[in-house]
Structure formats: C-alpha cells, structure tokens
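Both complexes shown next keep subunit A, but they swap its partner, so subunit B is in the first and subunit C is in the second.
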Partner chain A sequence: MLKIAKERLNDLYAKIAQTQGLFLPVKKAGEVNYCVWSEGKEVSLETLKTVKSPKNMFFPQTENMMKFKTEGKNIEVIDVRESFDERKPFVLFGVKACDYKAIEVLDKVFLADPVDTYYQNRRENTTIVTLACSKPEESCFCGVFGIDATAPQGDVTTWLDENYLYWQANTEKGESLTAQVEELFEKGGEEEVAAQQETTKVVLESLPYANLDLSRFQPENLNELFDAPEWEKMSEACLGCGTCTFVCPTCQCFDIRDFKTRDGVIRYRCWDSCMYADFTLMAHGNSRNSQMQRFRQRFMHKLVYYPSQNDGMYSCVGCGRCVNKCPQRLNIVKVIKTLGGKNND
Partner chain B sequence: MKEVELKMKERAKALLESGEVARVVGWKKGDFCFDPSPATFETVDELNEFVYDYFCGANLSKYLIQIAKKEGKTAVFLKPCDTYSFNQLVKEHRIDREKIYVIAVECLAKLDIEKIKAAGVSVVTGVEVVDKDVNVSSPYGNVTLYKPDVVLTKCATCNKTHQVKDEEIILHQRPAREVDRFAEVVKLENMTPDERFAFWREQLSKCIRCNACRNVCPACSCVKCVFDNPNSGIAAKANDDKFEEQLFHVIRAFHVSGRCTDCGECSRVCPQNIPLHLLNRKFIKDIDTNYGEYQAGETSEGKTPLTSYTESDIEPNDAVNGEAK
Partner chain C sequence: MIEETLIPKVGVITDIRKDTPDVKTFRVVGTDGKKLFQHMPGQCAMVSVPGVGECMFSITSSPTNMDYMEFSIKKCGCVTEVLHAMEVGQQITVRGPYGKNFPVEEDFKGKDLLFIAGGIGLAPLRSVINYVRHYRNNYGKVVIVYGARSKDDLVDIEEIQTEWMNEPNTEVYLTIDRPQDGWDGHVGFVPAYVKELGLDPNMTAVLCGPPIMIKFTLAGLLELGFDKSRVYTTLELRMKCGVGKCDRCNVGDKFVCKDGPVFRMTELDELPDEY
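Coming up: the complex of A and B.
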C-alpha cells in the first residue's frame, strides 16, 4: 500500500492530468459534481454524494451520435466521434463503492449484445480510482446490496483520512497508473486503513436503512407486486419530475432524437426518464398514462424486472441520492418498506 | 408545533367523520424526522400517519388542481405562502373554490435539511426547535444551530400572511420582521452585464433538466407544456449547454411573471440548488417599479398588471431604459 499527504494531492492531480483527462468531484456554484480537473478547481473528495453520479462520464446526459449532411440528393453520414477525441484515456477519480457497483449495472446493459460502442469506447479507456467511505449518512444503504463501502473495487482503491490518501492498485490498468505517479508516494498505511474500515463498519451497521429486507422482490412475485394497491398512495405526491432518475447512478434509459440544422440533421441521444409523460410515447399513444403507472415502472424495473434479467442483480445500489433529492420525499426505500413485507416494519 | 399538529389531526378527524369532506390534504410522516411527503387522507385510520412539523415545507396548492376534480369536498391545510398560490389558481380557474375547504395553519418558517447537513451534521436523528435554537441530534455529536441560518430560502425573507381561509389553526404567530426580499436581486442588478451573465452561466450550467422547478410550480399549470411538445424541435429533457440550460429558465420566468406569487418552491426543489427564485423576483420587482406594487395571489379576483391595459402603462422603451414612472 502507498500513501500521499493530503496537501500534496494537487501534485497528484497535476501528474495524472499530464498524460490523460482527469475527472473528479469538483465544487462549482456550491454543488459538487464530477468535472474535468484543471489547476485551481475546487476538488471535494470529502463530499459523500455528488449531486449527479459519475455515470455521465460513460453515458453523457446529452451526446451527439452522428450527423447527416444533405446536399441535393446526397446524404453524407458523419461520425461525430471523430471530431472529439473519443478514445483518449481518462481517469475517473474518487468513485464511491455504490457508484462503482452502479457502473457494473450499466455494463450489463450497454456492453451486452448489441454492444453500445459509444459507451464501450469510454469505458475501455478509463481507469477508475475508487474512494472508500468513512462518513456514511442515514440515507446510505449500499450494504443491503452486498456492497462494502469501506473496500470499493476499481482499478485502484483509495482511502482518505485527516492526513493522507492511501492507494492500492488492483488491476493492470491500476498498476500502470500507479507507475506513472509512484514517485509522489511513500509506502505504508495498512494499519490506518484497517482502523478506519473498522470504525466505518460500526457506523454502517447502525444506519437506519442497514437492514432492509429485499427478499420479496423476486421474479415470482412480479404480478403480485405489480398489482399491489399501495402504488396509488405511494405515488400520489409524485411531481413527475426527473430528479430521481437523473441523479440515479443506475438509471440508463435514453431517447434518440433528430435536431434539424441548416444543412442537415444532428442525431443525438439524451437521458430519458420514465417519470416523464412522453416516455414510451409511440405513434399510437402511450402505454402508461398515469403518474402511478410511471412511478411503478421505475421501482419495478429496479427491484424486479432488471434482476429477473440479470441473475438477480438489483439495479439499485443504495447510494441514497433519491432519498436526499426527491422534492416531495418519495424514494425507493419507502417502496421497499411498503411492499417488502413485515421484516421492513 | 406538536400542539398544532394535534389540533390539525383532531380537526381532520372530525371533518372526515362528519362527512363534511371526503378527504383531507396534508403531510404524512417519513422515515426520518425530516422527510414528510404531501398526502391525502380519506379515512380516520390513515390519519395515524399525519404529521405537521418544521419540515412540511411543500406547497400543497398545486395538488388541488387534480384533487378538486374528485367527487366531494376536500379540506386542505395551507401555510401563509401556500394561500397565495391557492388564490392565484382560483383566479386562473384552475381550482374550483367551492370544492375546497381551506384550513389556515401557522408556519413559523420551515427548516432546510440540506442546510442543516451543510452545517456539518451528516447524520440527523432528531431535530427540536426551541425559539431560535435548532437542536440537532446526531451519532456524530449533537449540535445547536441558529434557526435563521437553516430555514428554507423561501422562508428567510417571508412575511406573508394567510390570504384565504375558511377556518384557522394558529397557536403562534411568526413575528413580523424587517425583511428585504429584493436585496439579492439588487445585488444582481448592480453587477455589470458580463458579471451577471457569468453568475447565471455558472448557476444554470448545473441544471440537469429534471424539470422539478416546472413541475412543482403552481404558476406552471399548463395542461401541456410547450417544452413537452415533441414537434417543437426541442426536448425538455435534453441537457444542452447552449440553449436549453440558459433559456429554459428565462423563458419559464417570463411565462410565470405577473402570476408568480414568490412561493419559492422552484428553489426548494432544485437538486442543484440553483437560486431560480431570483429570476422570478427580478420580474416581480420590475412589475412593482413599472406598474405599481402588485402581489400575485393576494386576491382571487381583479385585474393584473400584465393582463390589463391602461393608458398610463409604461412605454416599452422606457421600461427597458429603466425610466419608470
């Protein structure tokens, strides 16, 4: 294990940024989100939850996919990926255990056949440096999904305490990043990390959502859960905004649209939200007409549909962003508690 | 606040039992002490979950557009600021006044859990308000915060009083204070255009196009929003730096000007804490300057400055040049 003094972190960022793009949590206008690093940016590794998850590093909220240029009867198709350096390697730094797990959830969607090459390009060219949590809060429940917040995976795992950042490479990519920055580090830190992990685990176990019971959310209960009368009351305050879906690290739905320009068309995709009234809008109309149906779709997807197609893996990672950010305080935990049986009382 | 909650619950129970109303709209308990949700109560049993505390900041008025269409009468608990939105919606014929029974409830300013957490309390297990002290319990150590520092932004400069009520449950009055809700707007006005552009550029670049501001806004009551029209060539959900982020909010502020009651819900719900209410307040201030003081939602009748013409109306050029009468 290696360690670097906290006040030298800027040197570390500068060193990494010499050869590749570096994305990490940066505070801008009061809020912390993943941003490209440059000298002078206010990095905030201490922030437990960035507002947006790091998923937009691989799956941007809006991205151009291709352009069509028309001239007379000719249509030229332009691959826009060539106009920006899509294959440039970058480092994603400070990813928490829940958000790392969320990338695995996204991989199962975007890297399954047919592979989404836009996602794949970025994914393959990224080295992910994770950061263990040391101050989890009441909205955290990653443990329910088998995630250890004190030992996240990734190409490199790091831990942060008052004085040092501790560093441990896990993969080949991680080793090669380590080789690039090793001169800034000194050896040591095993004991400090172990002590921090132990303290944090005590807190994690005492959190109010630590013992949620998911056992009822199984494919065989699909119809019963779908037809539950409780959805009506659970969703009544829902505004139909997209906050929960857009701050969610695992929400993966997108829309593809054409934007007319002077001499052609730009085809872009953007995040979509099952909470929106135009989601699943087709020529014949919409299959989900009420907010209750849309609300139900979101949670059934996370807790039943996705796991039934992915070997039981839930598409919630317990990051708690929806718990913190829903304007009317609705969230997946309230759904789990309402429909998940008496172990959740 | 506990006493008030008890009285509200008793009243809700009586109204439901007597059949005077078919439902009561209020707030229900969450998992923590700080996360109640708006809710409808149709039976006395359901009232077990009823709550009214310092975290019931949500404005219930907009929900009444849909709820008032249901069979029977609906009772609703409205805080002072919520009554302005209610009046405005009645004025716009969006709510049938006859179907709603308004119970005015005291407010005393609501707390912002994000501000409490930003003050350094990362796990909150209890919050108790004693006068201006907010005592927060936390396994990481208890702290006492100064209430004015941790109230919702919309409550910080609020001096509103109930504008409509069929009855009231008010045990304590929030003392009237000297507040200047335009102070922040004046600061922006005093910036150079470049500084102001940079301010909004930075704030609006955080926008994630979740549309929470629009969806919560009582003035945004269009059945179909222009931004939701797939034939318009734009997409409300597409987050694009050039047009969407900068202009969506400006267009929305224009669209609600003269009708925005300054309820502040837009800023409360913004996941990125963009001070959207400042756009609306700028318009309110301009209307005050150019057409005389006007507060939307004070009544549910009468003419409004932007929808009526008088010969003495300011000329557009004079308004642009800041030559108010």
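Coming up: the complex of A and C.
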C-alpha cells in the first residue's frame, strides 16, 4: 500500500492530468459533480453523493451518435465515433463503492452482445480509482446489495483520512497508473486503513436502512409483485418528474432522436425516463397509460426484471440519491419496505 | 472501426405499391442494388428517415427472396406519413435484423399451419407464409384466415388471390367487417369467422392483428380445442435501440425487440398484462 499527504493531492492530480483526462468530484455553484480537473478547481473528494453519479462518463446525458448528409434523394451516413486509438485515456477518480457497483450494472447492459461501442470506447479507455467511504449518511443502504463501502473495487482503491490518501492498485490498468505517479507516494498505510474500515463498518451496520429485506424480490414472484395492490397507493403522489431516474447511477433508459442542422442531420442519444408518459407512446396507443404503471415499471425493473435477466444482480446500489432528491419523498426504500420480505416490518 | 448496430445502412426504395388506402409496400435494396441483409420470418428492422425518426417494422418479404426486402407500412404516425409521401429512388436507412423469428425450422416443421391475420397484421405473416410456400414439402396443410375492415383494406390481395389461393394443400378464407358492393365473400369479424370455420385444433396457429382481434380469436381457438403452446403471436411496443438496451419495450422481464416479437401464447401467459 502507498500513501500521499493530503496537501500534496494537487500534485497528484497535476501529474495524472499531464498524460490523461482526469475526472473527479468538483464543487461548482454549490453543487458537486464529476468534472474534468484543471488547476484551481475546487475538488471535493469528501462529498459522499455527487448530485449526478459518474455514469455520464460512459453514458453521457446527451451524445451525438452519427450524422446524415442528405442531397436530393440520397443519404450519406457519417460515423462520428472516435476510434479507440485516437481517444485520450482518462482517469475517473474518487468513485464511491455504490457508484462503482452501478458501473458494473451498466456494463451488463451496454457490453452485452451486441456491444454498445459508444459506451465500450469510453469504458475501455478509463482507469477507475475508487474511494472508500468513511462517513456514510443516513440515506445510504449499499450494504443491502452486498456492497462493502469500506473496500470498493476498481482499478485502484483509495482511502482518505485527515492526513493521507492511501492507494492500492488492483488491476493491470491500476498498476500502470501507479507506475506513472509512484514518485509522489511513500509506502505504508495498512494499519490506518484497517482501523478506518473497522470504525466505518460499525457506522454502516447502524444505519437506518441497513437491514432492508429483499428476499421477496425474486423472479418467481414477478407476477405476484406486479399485481400487488400496494402500487396504487405508493405511486399516488408521484409527479412523474423523472428526477429519480436522472440522479440514479443505474438508470440507463435512453432515447434516440434526430436534430436538423444547417449541415445535415445529427442523430443523438440522450437519457430518457420510464416515468414519462410519452416513453412508451406509439402512434396507435400507449402500453403504460397511468403514472402507477410507470412507477411500478421503474421499481420492478430494478428489483425483479433486471435481476431476472442478470443472474440475480439487483439494479439498485443503495446510493440513496432518490431518497434525498424525490420532491414527494417517494423512493425505493419505501417500495422495499412495502413489498419486500417480512423482515421489513 | 468496429461495427456498431445502431449505425444503419443506406437503403434505396426501388418500388412502392399502394395496397390499401393507408398501406403501402416499400421494396428496398442497398446502394449496391443487393439485398441489405438476411433475416428469418418474423424478424424486424429499424427503418428511418433521417431528421424525422426511426421505427421498427416487420420485414414483410420472405427470406427466400434473395433480391430485396419489402416492408408493408400503414400510415399512422410521423415517420410513416413521410414514408408514404416518398417516391421511388428515395434513400432511407435500415438496420437489423432484430428479434426472434417464427420457429419455421423447428416447431413448425411437418405441422399443419393456421395463419390468422387482421388488417396490417398480415405484414409479419406474409413473410412466414411465403417462406412456408417456398419450402412447401416441409410443412403440412396450410390454412389462412384473413380479414380487414373492407375489401379495399385487404393488404396484398393480388398475391393472395393469384398465388396463395392456387397453392396445393392450402386453404384461404377472406372476410371483411361489413357488407360492401362488389364483395361476394364472407362478411364478419375474424374471431367469429374462425369459430364458424370449425378449424382442426391440432394445427399450429399464428395470430397477428389488432390486440382486440388477438384476444377474441385466441378465446375462440381455445374453445375449439387448440393448445396454447401451439399458438403464436407477435407483439409490438415502442422501441428505440432494437437490442434490449434502451429499456422501453419490456413486458415484465422480456424485451419485445430481443426476446420477441414472436411469442408463444404460453410465454405471454407468464408475463404481466402490460402490452
């Protein structure tokens, strides 16, 4: 294990940024989100929950996919993807355990056959440096999904305390990043890290949502859960604003649309939300006409449909962003408590 | 550069046939004059008009047609309206094929087949019917029941009358919803006609049409003694990607684009009623 004094972190950022793009949590206008680093930016590694998760590093909120040039009756399709070799590699720094797990959830969608090359291109060019949590908040419940917030995965895992950032490479990519920055580090930190992990685990176990029972969310209960009368009441207050889907690190619904420019047509993809009425609207009708149906879709997807398609892996990581952000105080915790196993009582 | 499924190929419309007042059949080839890609009956393709939008359509032509693909498209939304205004020679984009096909090489082989279609529902069935005609000896008796609002709304009526009706070991029954001048055939809705015909319940059935027709026809078939595990249909929901990633065409834990559009009725029974 390696360590670097906290006041030298800026040197570390500068060193990484010499050769690669560096994205980390930056405070701007009072909010912290992942941004590209440059000298003078107010980095905030301590912020537990960035407003948006780092999913937009791989799956941007809006991205151009291709261009069309039309002339008379003819169309030319122009591939606007950057090639793998041309693209500058980048480092995603300070990713918390929940958000890292969320990237694994997205991988199962975008890297499944046929691979989404837009996503893959960025994913393969990225080294992910995770940061263990030491001050979890009351809205956190990653442990429910088997995530250890004190030991996140990633190419490199780091821990932060009052004085130092501790660094441990886990993969080949991580080793190669370490080799680039090693000169700034000194050896040590095992004891401090172990001590921090122990203290944090005590906090994690005592969090209010630490013991949510997911046992009923199994594929074999799909129809029973779908038909549960409780959906009506649970969704009554939902405004259909879609905030939960935009702050969610695992929500991956997207739309593909065309935009006419003076220089042809740009086809782009952007985040979409299953909470919106026109999400499933077709020329001849809509398969989800009520907000109850849309609300049910979102939670059934996270807790039943996705696990059914992906060997039991849930598509919620317990980051708690929806708990904090829903204007109506609706969230997945309430759904789990209402429809989950009997130990939620 | 690595291939990307979301980036379409350019297709050229080489023929446009007006089938009914609101259905046109578009013949499409690549810019090199050759067929864009191979498919199996029941599979779909994403067709787009750049600047307007991209939609999923069933490929109406049979895979055994090696020269071109055809799409029978009803005018009912933004993209289809623009398509209907197009002229021969116009280029569009196409990507695919997507979805699971009818089990023509597996479960259908050696079986007597019953095809029931309503209106534009004939589009996906035309592909499988012509596939079966091409490999006629691999299949038993073929019965086709096809209905539309009026005689003018029967899609591909010329092919049905000149080719399908003259095919050996094949029966074709046509019906229209209301009596009409110049029509001396059957009048009445498809579900009622199916029951009237007293069809052999040992046939493997394929249903395609408006949801209400499917619902009542299926009930009629079950009354006649058909087994749900040998009744197939196709679903249609809004799609964007076509490959199970944009997460909009799911019914429960199945994606219509990837796990469908062809479903066995017994498979649908296991899914939530949300389609």
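Simple rule for what comes next: the second predicted complex is superposed on the first by the 335 of 345 C-alpha atoms of A that agree within 3 Å, B and C clash if a C-alpha of one lies under 4 Å from a C-alpha of the other, contacts with A are read in each partner's own complex, and residues count from 1 in each chain.
One rule holds in what follows: a contact is a pair of C-beta atoms (placed from the backbone, for glycine too) under 8 Å apart; a residue touches a chain by one contact, two chains touch by 3 or more.
No experiment lies behind these values; they were computed from the predicted model shown.
S.K.: On subunit A, do subunit B and subunit C fit together or clash when superposed?
M.R.: fit
S.K.: Between subunit B (first) and subunit C (second), which does A:Phe68 come into contact with in this model arrangement: first, second, both, or neither?
M.R.: So A:Phe68 only meets subunit C here.
S.K.: Figure out whether A:Asp272 sits in contact with subunit B (first) or subunit C (second), or with both, or with neither.
M.R.: After superposition on chain A, A:Asp272 lies in contact with both partners, subunit B and subunit C.
S.K.: After superposition on the shared chain, which partner residues are touched by A:Lys260: those of subunit B (first), subunit C (second), both, or neither?
M.R.: A:Lys260 sits against subunit B and subunit C alike.
S.K.: Using the touch definition from the top, say if A:Ala29 reaches subunit B (first), subunit C (second), both or neither.
M.R.: first
S.K.: For A:Val77 in the superposed arrangement: first (subunit B), second (subunit C), both or neither?
M.R.: second
S.K.: In the superposed arrangement, which partner chain does A:Pro208 touch: subunit B (first), subunit C (second), both, or neither?
M.R.: In the superposed model, A:Pro208 contacts subunit B only, not subunit C.
S.K.: Where does A:Leu281 make contact in the superposed view: on subunit B (first), on subunit C (second), on both, or on neither?
M.R.: Touch status of A:Leu281: both partners.
S.K.: Once both structures are overlaid on their shared chain, how near does any Cα of subunit B get to a Cα of subunit C? Whole angstrom is fine.
M.R.: For subunit B and subunit C in the superposition, the minimum C-alpha gap reads 8 Å.
S.K.: Would you mind listing the overlap between the subunit B footprint and the subunit C footprint on subunit A?
M.R.: On subunit A, the residues that contact subunit B in one structure and subunit C in the other are 255, 257, 260, 272, 281.
S.K.: Under the touch definition given earlier, write down the residues of subunit C that touch subunit A in their complex.
M.R.: 1-10, 48, 50-54, 76-78, 80, 87, 89-93, 236-238, 240-241, 243-253, 270, 272, 274-275
S.K.: Going by the contact rule set out above, which residues of subunit B touch subunit A in the complex?
M.R.: Interface residues on the subunit B side: 30-32, 35-40, 58, 63, 114, 117, 122-125, 139-140, 202-203, 205-206, 208-212, 214-216, 228, 230, 233, 235-240, 268-269, 271-274.
S.K.: Flag every residue of subunit A that touches subunit B in the complex, lowest number first.
M.R.: Going through subunit A, the ones touching subunit B are 28-31, 33, 48, 51-52, 61-62, 135, 137-138, 203, 206-209, 233, 236-237, 239-243, 245-247, 255, 257, 259-260, 268, 270-273, 276-278, 281, 323-325, 327-330, 333-334, 337.
S.K.: In their shared complex, at which residues does subunit A touch subunit C?
M.R.: Contact set of subunit A toward subunit C: 65-66, 68, 70, 73-77, 79, 81, 83-84, 109-110, 112, 114-118, 219, 222-223, 226-227, 252-258, 260, 265, 267, 272, 274, 279-284, 287-288, 293, 297, 300-301, 304-305, 308-309.
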